[in-house]
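Below: a set of structures, written as structure tokens.
In what comes next, subunit A is part of two complexes: it sits with subunit B in the first one and with subunit C in the second one.
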Partner chain A sequence: MIDMENLLEINGLTVELMTERGIVYALSGVDLNVAHGQIHGVVGESGCGKSMTAKSIMRLHNPKRSRMGGTILFEGEDIAAMEIKEVERLRGKDISMIFQDPAMSLNPLMSVGNQIAEMARVHLKSSKAEARQIALGMLEKVGLSPAINRYRQYPFELSGGMQQRVMIAIAIACSPKLLIADEPTTALDATIQAQILELIQSLSDEMGMSVLFITHNFGIVAEICSAVSVMYQGRVVETGYTRSVLDNPAHPYTAALIASIPTMALESQKRLGSIPGRPDTLYENLSYCPFCARCPQAFGQCRNERPGYQYLEDGHRAACFGIGG
Partner chain B sequence: MNLSGSVIEGTNLQKRYHIPSRKLAEKGKELVAVDSVTIKIGRSRIFGVVGESGCGKTTLGRLLTKMEPTSDGTIVFNGRDITRLSGKDLIALRSQMQMVFQNPYGSFNPKQRIGSALAEVAKVHKIPKEIAPDKIAALLSEVGMPIDALGRVPSELSGGQLQRLAIARSLLLGPEFIVADEPVSALDVSVQAQILNLIMDLRESHAIAMLFISHEMPVVKAVCDEVAVMYLGSFVEKAPTQELFANIAHPYTQALMSAVPSIDSDIAKERIILEGDIPSAIGLGPGCPFAPRCRHGMERCRLEKPQLRDMGAGHLVACHLH
Partner chain C sequence: MLKAIIGQKTSKKNSYGKLLTPSFAISLVIFIAIVVLSAFAPVFATHDPNKNELQSSLAGPSKSHWLGCDVNGRDLYSRVLYGGRTALMGALGVVGLSIVLGIPLGLVCGYVGGLADTLIMRLCDVILAFPTLLLAFLFVATFGRGITISVVALGIVYVPMLTRLTRSLAIVEKNKTYVSAAISLGYSPLRIMYRHILPNCISTILVQLTLDLGYAILDLSSLSFLGLGVIEPTADWGAMLGQGRLYLLVNPYLSTVPGAVIVLSVVSLNIFSDCLRQYLDHTQVQLPSFEEYASRLEKQQKPQESGA
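Right, the complex of A and B next:
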């Protein structure tokens, strides 16, 4: 992955949250690059920092209760260092976001068409008539037809899958360069999930839009992401092209996670691989490998030092002392 | 002892709900949540039911455990007809049938210590005070939890730990039948694997018959002996696990399978993307419930509902194609 190819480059991103129980080290040095037009998966378990990373790109943390470090280069400009006014210029226009529960993100009292049109009114300064045309076009694009009828409907008249299509229509109304999708299919049924995944993939292809796809499901990553980053305890522990990571996981955490997935290829009634223990709390800024307590291959160095990245072929890298040593 | 060897047997179970509606078009209509389902689960067997939201899998579990009365059909538990059981007899039966739910935080009182929650079960069902603590301690170690968990409240435990405790609680009364309703859906993958392994171990050691409800094909395949696929209240396909996944016959099962995002690159699979949403279960027509979304839908499918037919090897399919 050469620099010129990247739309988004996150380097050493840290986020500390001030809570009543003390500082939470939510992100401790995230490095992540998303190439132009790429669907980049971010996987990990609850609390690993996937959503926190997404929120940081949008600068959605409360500045009074959090501290951010590192750089987030979007088309060469550092979002982390921007004035909030400048960030607002990007939000919804160049970078937009969709979430897990569409019902919670839509305005229940506004027709879905108007919610899409609002984006064009605000960000593209379109006239009412133009905005309406854009909204109708978007409804068609996300497969909600006939658009004329759908325009007038309210969220409660739509199923979860259709609501998520509306969310996507809102998100892409201004042809963003980057779409951040935070577990967009987790609340949907399997057959509906398949529809939404196909939609996101075809939109990305068609519009040349990069997608940062946050999920806990490796299967989804394998289906639609060309590259993937695996997160653990506020860090990206492994990153690379999807097939390279899935076929040859270099980090013991990635390997263990993959082994614990029940797959269709697996023989029935066999024991699944599982990871003993659970992640530590994030109240400490660790000076050693965060996975060492659960790692079957941990040795002395792992408990004393934080591992840097070891590079494998084709941009595949992992933060583990065990590699190549 | 029962002769058929099954712990629980439901025959032609049906559950209908009346829809009170002001809309004229829906007036007097019924929602058929479970339609003519026949199910039999033997000792130490895990029977999986897969399907999407609203297919009736949870209602089926509630019917079998007598949480809800059936509209039609019979339920036989250990050779005894319990279809019309009520009052004291039903309460006595509860100790032999337990449920484990999806969200363990929702199934424990957030203010009550785990120890007290478990002791309460023992007390209600009259397990002698001298035995209860030992029994609880033994179960705790069996589900892999330290004894000091008893002093905790739910918010101090992780989802996986709490689900272990929910399982321990369900085993406390020595049930013969457990309904596990999406027991791992709320858990992270690595924790999910731990719980699935635990369930497989316990089924052997406690000789339990289990109804395992899930929306995830790979999870069902991993733990179940037999699997039924449910769509809008009916079983559309039922077979021993190996047989089912080796010869998937129903178009809905095929679509469901193809919708499973898979990490295996070598499985060249045909992508079947179903169009539209799952239709409402209110006022279903006479034909196959899947016909409107089925790519093989024929004239006959819209007129006549296919019945489950045995294709051999215990593989039952409800489809006019077969």
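Right, the complex of A and C next:
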């Protein structure tokens, strides 16, 4: 984007998946940059490719049933072209991930302390005693105290918020450079959400860790993300600093998304905005703007050509023919 | 870990599930008695199990020979105790061998899949296509008689069942989120198989193993009964049953006592495994009625109050 010192640079990432009904073009050209220490939000509706992008960074697709194109540069090295052995070395140590449902993502039969310690044992090659110390430290760090007691507890003994804290502790146990948070607060209630967001933000500040924050909630983006990318139908349609995107959305899709955020203001008695229509299936590789069918401003060019990025001030860019035209 | 397996349905203090149901307790007591009597056979035995006293051949029960003597004048009571050693050690060997081979193979088949899965599963199908004892006969016919060979033969025959079970459990676990989480944390497949998937399958495997233990006793005895297992003069329930059957009218104890012991040990193991399954299976918790539970809680609280 603006910073030349990007930790993660995704260029033209495409992912095609094999399904019974044909090939799904899950991602068709994702461009996304995450700077050092930045919390970068990825927003979009269900099925737009947010989680798919995260999975691609971790290379979690079955290589026999999918095809990847484009580059994923992590500290200058292309993850997309790496041998799987090299990716395994990055996973957990340099790039870590937390998932939507903490209750499902923890091993139900291992004490949470041991699950954190296992990271240190595997990636930092620490001794049992060292790993235990690291795990205790991590438990304190994510606000689970007294750590000694928490260490021995099993996931089923903890609440959802506490489980997510444990997931975060596991993910950051080896001080990763990039944390991918795949809707980490969706399964939690609102007050716990706020606590988890605060935790992620403070950990990012403290450790200088970049975060790729996947969500479908613009409120969260406004709260903790310094930059944001909006995805639609497997593409990044708009990207820029959060303030600039929220205040001046350039892409009609972003504008429509923002218009459909509920507000608490009493004077707005009008109906909540919604986007008419629904996204197409992704069984063909579209050669036109995927949003044109739902776009109020669509014109002839939109239906024949795929829009490239139009650059606005301060690294803000959007893929729409309507800008500056 | 047991705490987590059981704890998901019962908390420590107000336990719903009762482990010690009457049938569980009885089966456990019988089995433990058999294990203790066999393990300390030299202490409990009254005679050397292999010493021939031909003058008391086929003698009935008496003060010196509690259950009488077999055709060679060996004390039946002592031989039953020593025979328990053969049966239990043999069955443990069979189950141990099937664990060592079956669980790793099942994990590889279930988690890794692919060509290895196909090959191993087809091999299992081949082994399963033969009746258990028939295949054991084949081994004995090829490699000769003896307790070691029977144990190895049955051990190999028992592998496919355990492999299949472990495989199916591993496939279920493999598709759970915590396994993808473990992959994304950069853990090696071996670690994921043994540290994450296996512990989550272990409760079902454990039940199968106790069941197998009973069947192994039965199958080993069958081999010995047919004269393909132990070599004389080693004491073995199956062999004793086979030999005693010839003198059924002279001294019925010679065949009925070993037979009864075989039945007791197999039945107690079967009931034990069934209770274990009920206890470990989350979906089959036998809940007490609300009133029962409330009164139980009341009873639990009363002693605490009077103490304070």
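In this section, the second predicted complex is superposed on the first by the 316 of 325 C-alpha atoms of A that agree within 3 Å, B and C clash if a C-alpha of one lies under 4 Å from a C-alpha of the other, contacts with A are read in each partner's own complex, and residues count from 1 in each chain.
One rule holds in what follows: contacts are C-beta pairs under 8 Å (C-beta built on N, C-alpha and C of every residue); 3 or more make two chains touch, one makes a residue touch a chain.
Just so it is clear, the structure is predicted and the values come from calculations on it, not from any experiment.
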| item | value |
| --- | --- |
| First, second, both or neither for A:Ser66, with subunit B first and subunit C second | neither |
| Partner chain in contact with A:Gln195 - subunit B first, subunit C second, else both or neither | first |
| Broader residue contact with subunit A after superposition on the shared chain, subunit B or subunit C | B |
| Contacts of A:Ser51 with subunit B and subunit C, given as first, second, both or neither | neither |
| Touched partner set for A:Ile261, first subunit B, second subunit C, both or neither | first |
| Partner chain in contact with A:Met110 - subunit B first, subunit C second, else both or neither | second |
| Which of subunit B and subunit C A:Val122 touches, first, second, both or neither | second |
| Partner chain(s) touched by A:Ser159 [first = subunit B, second = subunit C, both, neither] | first |
| Contacting residues of subunit C [partner subunit A, same complex] | 1, 3-5, 7-8, 176-178, 180-188, 191, 195-196, 199-200 |
| Residues of subunit A defined as touching subunit C within the complex | 58, 60, 88-93, 96-97, 99, 101, 104-111, 118-119, 122-123, 154, 156-157, 167, 170-171 |
| Residues of subunit A that touch subunit B when the two form their complex | 45-46, 159, 161-162, 189-195, 197-198, 216-223, 243, 246-247, 256-258, 260-266, 268-275, 278 |
| In the complex with subunit A, residue positions of subunit B that touch it | 52-53, 158, 160, 188-194, 196-197, 200, 215-219, 221-225, 241-242, 245, 255-265, 267, 271, 273-275, 277-278 |
